[in-house]
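Notes follow once the structure below has been shown.
Per-chain residue numbering starts at 1, and chain names A, B, C, D and E are given in the order in which the chains are listed.
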């Protein structure tokens, strides 16, 4: 799963009917220092994650498995909200 | 799902028979400021999205789930058309 | 699906038995101006696409769905041959 | 599978219920010299791999197959712990 | 499928039990001139490919389909050994 920060959301009327009512968040992937990494993407959310919160998300079909309809055609979804991230920096040099 | 802009389409006579009649759009992935990001790709569309519209699309099998034949061998498809994209810019610095 | 040009093929005697007789093309991904993009890869083909032709291909399991044995362990396959690619260049700036 | 080093872990209370009790490691992908490669990600672990250990992990659904609930919506999981990595350096030039 | 060269292997005692006895090769992806491309990864092998041989491999679940247990949680596996690679260089400019 990738670390990310919730930075916004998408409003869409014309969309796959199986995701009606599902929250579509804009998430910015981050590294282990919570610095931005690449470009934002859209992830479905079933946990009520809010703008500014740090989360981890799954891609592909795995991202849809927590939604009301797991076969909904979503390819990214929030897996959980991060309480605490521990990284041993002296291990990061390889 | 990735944000993208519809920029064109593909005409193909010799193709997987399960996608006969399905619209094949050329979409340009974009970032949260709608700036181009990487290279265009081909996505199947079942919503009638037109050139110039902003959409979000799913990859892999998820991209085919809204098509008449969900097992059609398509690996990218439009998930929805964007009405409005909200991004809290002060959150983007990580 | 990604746009690509057929640039060669692979000969392999020792391979997954389910792809015996399936054409293995070397394809060069291209952008919407048909310029090379990244490195070539091997894609299975069931349409008789020839060297020099432009195609679009699917990745992952989707790439195998048009083969005689769709569960053959192939992760890239030709989806169709491109007759005509229309791109509205004034839309490409985002 | 990708080579990686375990560098930390994630604590999450609000998460997919099927991964309650599953260890969520922060892993840093590495090259064949065990040098860092790209950014860390979160992988589920069922082997008790500890910070500082080298592992190889699978992505997508394959990453969840060793978990108590293989359909748990996880998209990266430890496949094994590396005892020894042999690379013939004179082969690496292509 | 990606082109690659076998450059080593991984020894692992603690690993997913379904891959006990399966060879775990370190493969270096290559371009169509057999030059290294990106970083090595670990691929399961059921063909007895040796260090120095050129192969093509599949990713994701497709990579595991030739193994004794196709649902083994492996996300990369050798698809075949390359006898001969033909590339028409004058096609490569796009």
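Here, contacts are C-beta pairs under 8 Å (C-beta built on N, C-alpha and C of every residue); 3 or more make two chains touch, one makes a residue touch a chain.
Remember, predicted model here, so these are calculated numbers, not experimental data.
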Next item on the list: Touching both chain C and chain D: give me those chains, sorted by label.
Entry: E
Note to self: Between 0 and 180 degrees and rounded to the nearest 5, what angle rotates chain B's CA atoms onto those of chain E?
What the structure shows: 145
Check: Could you state the distance in Å from the CA-based centre of chain B to that of chain D?
Finding: 31
Check: Just curious, how far off is chain D from chain A if you go by their C-alpha centres, in Å?
Finding: 19
Checklist line | Junction residues of chain B - those touching two or more other chains | finding: 60-61, 64
Notebook entry, point to check: In which sequence are the chains arranged about the ring, given a start at chain B and a first step to chain C?
Noted result: B, C, E, D, A
Note to self: Under the definition above, what is the set of chain A residues touching chain D in their complex?
What the structure shows: 1-3, 31-32, 37, 47, 56, 58-66, 77, 79-88, 91-94
Note to self: Show me the residue ranges of chain D that touch chain A in the complex, using the header's touch definition.
What the structure shows: 5-16, 19, 24, 26, 28, 30, 33-36, 39-43, 51-52, 60-61, 64, 71-76
